[in-house]
Amino acid sequence: QSAPGKPEIMRCRSPEKETFTCWWKPGSDGGLPTNYTLNYYKEGEELINECPDYKTAGPNSCYFNKKHTSLWTIYNITVKATNRMGSSISDPHYVDVTYIVQPDPPMNVIPAVGIQDGKPYLLVKWSPPPLADVRSGWLTLIYELRLKTEGEEWETFLVGQQTQYKIFSLNPGNKYIVQIHCKPDHHGAWSEWSQEKYIQLPSDFRMKDL
Amino acid sequence: LPICPSGSVNCQVSLGELFDRAVKLSHYIHFLSSEMFNEFDERYAQGRGFITKAVNGCHTASLTTPEDKEQAQQIHHEDLLNLVLGVLRSWNDPLLHLVTEVQRIKEAPNTILWKAAEIEEQNKRLLEGMEKIVGRVQPGDTGNEVYSRWSGLPSLQLADEDSRLFAFYNLLHCLRRDSHKIDNYLKLLKCRLIHDSNC
Amino acid sequence: QSAPGKPEIMRCRSPEKETFTCWWKPGSDGGLPTNYTLNYYKEGEELINECPDYKTAGPNSCYFNKKHTSLWTIYNITVKATNRMGSSISDPHYVDVTYIVQPDPPMNVIPAVGIQDGKPYLLVKWSPPPLADVRSGWLTLIYELRLKTEGEEWETFLVGQQTQYKIFSLNPGNKYIVQIHCKPDHHGAWSEWSQEKYIQLPSDFRMKDL
């Protein structure tokens, strides 16, 4: 039996710049019942606060709701493991909420076939994830689209802020798989890819096909 | 992740980033305020000639704010920052009451209710940010808590429907106007202080 | 011969949120020489003022220079027609300069072809209309770009505040037409579209082509 090993703060994420969650990985528990407390202080403040909510985001996590989430400051976060033999504290983890925004994936991805100057193209449309207002620029999202035929490599297209995209130079008769993901325009991380969507291009193109 | 020099105690959000976030937030608040005003105007104010009566000014009229580019550029940035703070503070109270009083309007659509609550919350968040910015630009200066008191609650609760609706119209008209001023001044200040007036 | 008909204030416009102009349409002149005076007062003021400048913006107009232009305040404007037999006054026209800004079109639109990960893209650059003071932050403009090949429908892209834009989903070998217009970030109207600019995409892309 021994004091617990050092926990490690693995990741913090905000889905919409309004709340955020941090997760940690416990160290060894020294063979004893061990409990964990997450403490944080904000830049320029002396006050040490404890995690407001250990439950909402599941085990080994701390959820900061709107009231506890500030955009204007850097959080200095540590996790302390304690058992009967002693305790140990993680390295500090610095969080600036604007940098940890990872949105949910885009929704309603709809691929359709079109024709322009007699050439077939794929028009894919989608909508942003249902989170903070994207229309007003409060949270500006950019998108990437990826496309492949079964068994091939993905081909990725940087789309920018549009929520639709046309892809030319395709092979008639192929069955394509399409996915979209998104990210805040400046800081933050790409969302997961949206659900795979399939579209079959007709083999030969005549106007009447469409 | 923001790179904090190891061992450094005071790793902080830069002034440029603070202004970026404040401008994005002021833009969002004005966007919501405009939409809320337009929605209310379309649904409750058509044909009532409210605009002719809306010219008796807003509760923040006592705060002398710049009304053209020259005035805005001549005012010292510390005074303009404090003016923005003053206007924001002046809206804390009316926004708090607006959220409850709007629910009493006949068939008030959810979109107006949601916006009133969202604006009230984001206004507090912007106020927090502005206090941080002022603290950074004028360290040590606690600043005189200039703001304009609002005494419009009774008019939002008047029995006569026309008078009550006009009181809402005037408040939303003033919110649209003041939130646009704040957004405009912050964009100006950001260009001046962060980009040396070369945005 | 009779008193003049009622004039009508048709439109007020500010090109850069610093000055503005109003135009009116005369009513009948009653068969007599008729003159027009524009009067206005500002919200919260008793003082009735007359139009400061009937000349600069041409006939039946009043030009308010910087000294006479205030934002976030409502102007109550009327036009009075007078001849020997009498006079008549227009309906009042309420103006807040904040909401009547319509900028001039963007300038120096330059389309160019680029290649990224072996894919062709169109990079379009432009500059804001010269009257608009975007540098100081007094006026913030957003832009839209539209693109088409001869005989096709325009495709429009909301660009936001940047003054350049990359378009990927293109058809090699096509000749494209590009135009840009702009508008204040919140209120006001879109400018006219900029002059049409043409760009020919090479049909097949090899690195050495560029």
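Quick notes
Order of writing sets the labels: A, B and C. Residues in every chain begin at 1.
Quick note on the criterion: a contact is a pair of C-beta atoms (placed from the backbone, for glycine too) under 8 Å apart; a residue touches a chain by one contact, two chains touch by 3 or more.
Note that the structure is a prediction, hence the values are computed from the model and not measured.
The touch graph of the protein chains shown is complete. The most central chain, judged by the distance from its Cα centroid to the centroid of all protein Cα atoms shown, is B. When you average the Cα atoms of each chain and compare centres, the chain farthest from chain C turns out to be A.
The copies chain A and chain C differ by a rotation of 155 degrees on their C-alpha atoms, rounded to the nearest 5. Chain A and chain B have Cα centroids separated by 31 Å. Remark: chain A and chain C have CA centroids separated by 40 Å (rounded to whole angstrom).
With centres set at the average Cα position, the gap from chain B to chain C is 27 Å. In chain B, the positions touching at least two other chains are 27, 31. Listed in rising order, the residues of chain A touching chain C in the complex are 116-117, 119, 121, 137, 140, 157-162, 165-169. Chain C meets chain A in the complex at residues 119, 149, 152, 157-158, 160, 165-166, 168-172, 174. Contact residues of chain A toward chain B in the complex are 43-44, 66, 70-74, 76, 94-96, 98-100, 133, 135-138.
Contact residues of chain B toward chain C in the complex are 27, 30-31, 34, 51-52, 54-57, 61, 65, 67-70, 72-73, 177, 180-181, 183-184, 187-192, 197-199.
On chain B, the positions that touch chain A within their shared complex are 1-2, 4, 10-13, 17-18, 21, 24-25, 27-28, 31-32, 121, 125, 128-129, 132.
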